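Here the chain labels run A, B, C and D in written order, and each chain numbers its own residues starting at 1.
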């Protein structure tokens, strides 16, 4: 049987479907910020950016560009009506204080106990970059990770224990990959959705820790976005 | 020889003469707030109020009264041009962080080492009231006290050690009374100005700790205000 | 659609029950939620802990809270009633029915900010050398002795602002803000009475409290001076 | 008369010398004091400690600070240069000429706020269980393990705002504010380059940083995109 892994945009689309009306959400750099394009119609999702914005709107068009209005990824952004701006200290007070419903972050590795490694991949000659990841992973009510299921050379990213330096221990609730949607539970990884055409054995072979399957495990699919 | 103690307004006038151009000053309840009326012409003194105002202006006239614009003493106030408003936490960050040049506070007692007692006079049946006094006494660069030289029954308020509960230890720099201007120095109380017609013996008799005199000790006088 | 408007005072205080901790915004009357305090006093909730800069305002607008001994503990920087004779809260302080955590106002404000900011504790030099520091952990930093102060959080915060929108964004007039933003952030359920719930949404420059900190808003007139 | 305007960059940085600690506002280019960073790079000051959310911007606009090895220590949440090959700061980090206190961004921001607020240290759960917490004092509050973080202060803060008045009051556009207010408060000498020094004084509603935290202001054009 053949299968077609989700594209980055499709992973973002899938993750965005789980964002509910009224949620306050922080989107990390990379794939997570793409989710902003796929929030279901009719849901008011408030995007927080850790440099001090609640109510981030679409990336600015050429005409809208303002060098003094950026998100935490240095993109030039617009604001939605009702948006507010505040200091970095106040922004992290919001994050650390538990006022963010969901953070969607990129990940290098997730362990079956929910440990997350997403900030330091030991790149030779490159300095460290933590940014807001540790505060978000520790402070948000729910931490959801978006990543390719395996590394470029095929190694597993879902592991018994992380190899890279941790961002935060036991923090991850859900993982969206190009192959599956997986929850982190007290019993370890539980697959909620698996890609059409991908067998459970194949998915297990691409994972570094035991996978269980939800009783109502569904099919992972996304439109061509 | 006879002498005429300064009135409350005259003590305030005298204290106000020591406020320099550009100073950020917090005035406590009671006599200190009267100083606002006597800042010398041509000096820009910025008054801070701990409920969250920098740039307190005169007390509001009947026409200007706004129930939503008060100082820390619940007076209805105006703002000067250039005034800013902020939260209580930010206000005390300003105070605690050492950004207030001078605080003028009322006092019950001051000890010769600079200990201040101004918040709890053990009034029977009355609850405690600290307010912002401890933060101001601890945080301001200079703490200046305004008080009657003695209690109503003639007991000394300048003491070897305070009897009442302390507001902050070793914090007072200068004291303005109806009889004298006194600095608190490593050598104890040093009189800078003494009321015209009052002898050093008389002043000492009204004080509970040894008074020294500055070499250039002057005459305390104030206009009829 | 996000809509934090509630229709009446019953809805505004729904869920407020025995044993809860309640914060009250306000300083010098500005930012004080008079309607909500009166509505709270009319509820049966008891064994309450109150966090209010001054206890006096609760006594002024919700005397039944004290008369019925429904407040067991107060955190405040001022617990002195009006006038020279003892008020009811002072009588209860004296006879032990009401306990008090008396705090310097700056430590009070910072403990609330810490509560909303996920900071469980911090050190401050304020109160060192005074009886207020008795029993608190002491520690020296850079030659300056400090005490450890712990965060304050609440089940409900009751406060007043001038304007709100359906997101819960708040605009303060004058010095209404005082403890409001930090108490809103420190609470599980922040209820705000406002003079006006605006059509549409507040402009960014007017938002003093992001709506994320606010759960319920209710439009109620200013009854002071009336 | 209070007048914090200075005439030129020499006056703006007067007194900045060897061994000092300097904070830099800015995030994503907004609030970054490009003129002041360039002027700093042209000074001889050495043995500097820099406090900047990202080291990269200093390298972009003041490469001489690194080339001449005048920065000995950095506090940052990001110390990664542009591109995939090592930048000069990364080479110096690797060879030990530059030491680094790498901080989670929230702890970084809060340490600066604490510095300006007279809070010498605080506890936070962020970084517990990671190598960043190694060597830090741990303590549990309410069942949650935390680490002790200490305040950051500086001799100079260099930042940019949109408008200022002679009192030093500042107005930020968009997201220029970020670390600015707290760095201003945490510093002995805060110098702010602004697009416009207004006639008269800023209106209350436009003041994002009270002038009390600012020592010097200088009007300099926005050179980005030019």
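Points worth noting:
As a convention for this text, a contact is a pair of C-beta atoms (placed from the backbone, for glycine too) under 8 Å apart; a residue touches a chain by one contact, two chains touch by 3 or more.
Keep in mind that what you see is a predicted model, and the values were worked out from it rather than measured.
Hopping across touching chains, the smallest step count from chain A to chain B is 2.
Contact tally for A-D versus A-C: the pair with more C-beta pairs in contact is A-D. Per-chain CA centroids place chain A at a distance of 29 Å from chain D.
Chain centres here are Cα averages; for chain B and chain D they lie 36 Å apart.
Averaged C-alpha coordinates give centres for chain C and chain D that are 34 Å from one another.
Touching two or more other chains at once are residues 110, 113, 117-119, 124-125 of chain D.
Residue positions of chain B with contacts to 2 or more other chains are 85-86, 92-93, 95-96, 139. A list of each chain pair in contact follows: A-C, A-D, B-C, B-D, C-D.
The part of chain D that touches chain B in the complex is made up of residues 1-2, 113, 115-119, 165, 167, 169, 185-186, 200-202, 204, 207, 210-213. Interface residues of chain C, counted against chain D in their complex, comprise 110, 114, 117-125, 141-142, 144, 146, 150, 205.
Chain A makes touch with chain C in their complex at residues 21-22, 24, 44, 46, 48, 54, 79, 81-86, 92-99, 139. Residue ranges on chain B touching chain C, taken from their complex, read 50-53, 66-75, 85-89, 91-93, 95-96, 115, 123, 125-135, 138-139, 165-170. Of all residues in chain D, only 27-31, 53, 55, 77-81, 84-87, 89-91, 93-94, 100, 102-107, 109-110, 112-113, 124-132, 162, 172-182, 222, 224-225 touch chain A in the complex they form.
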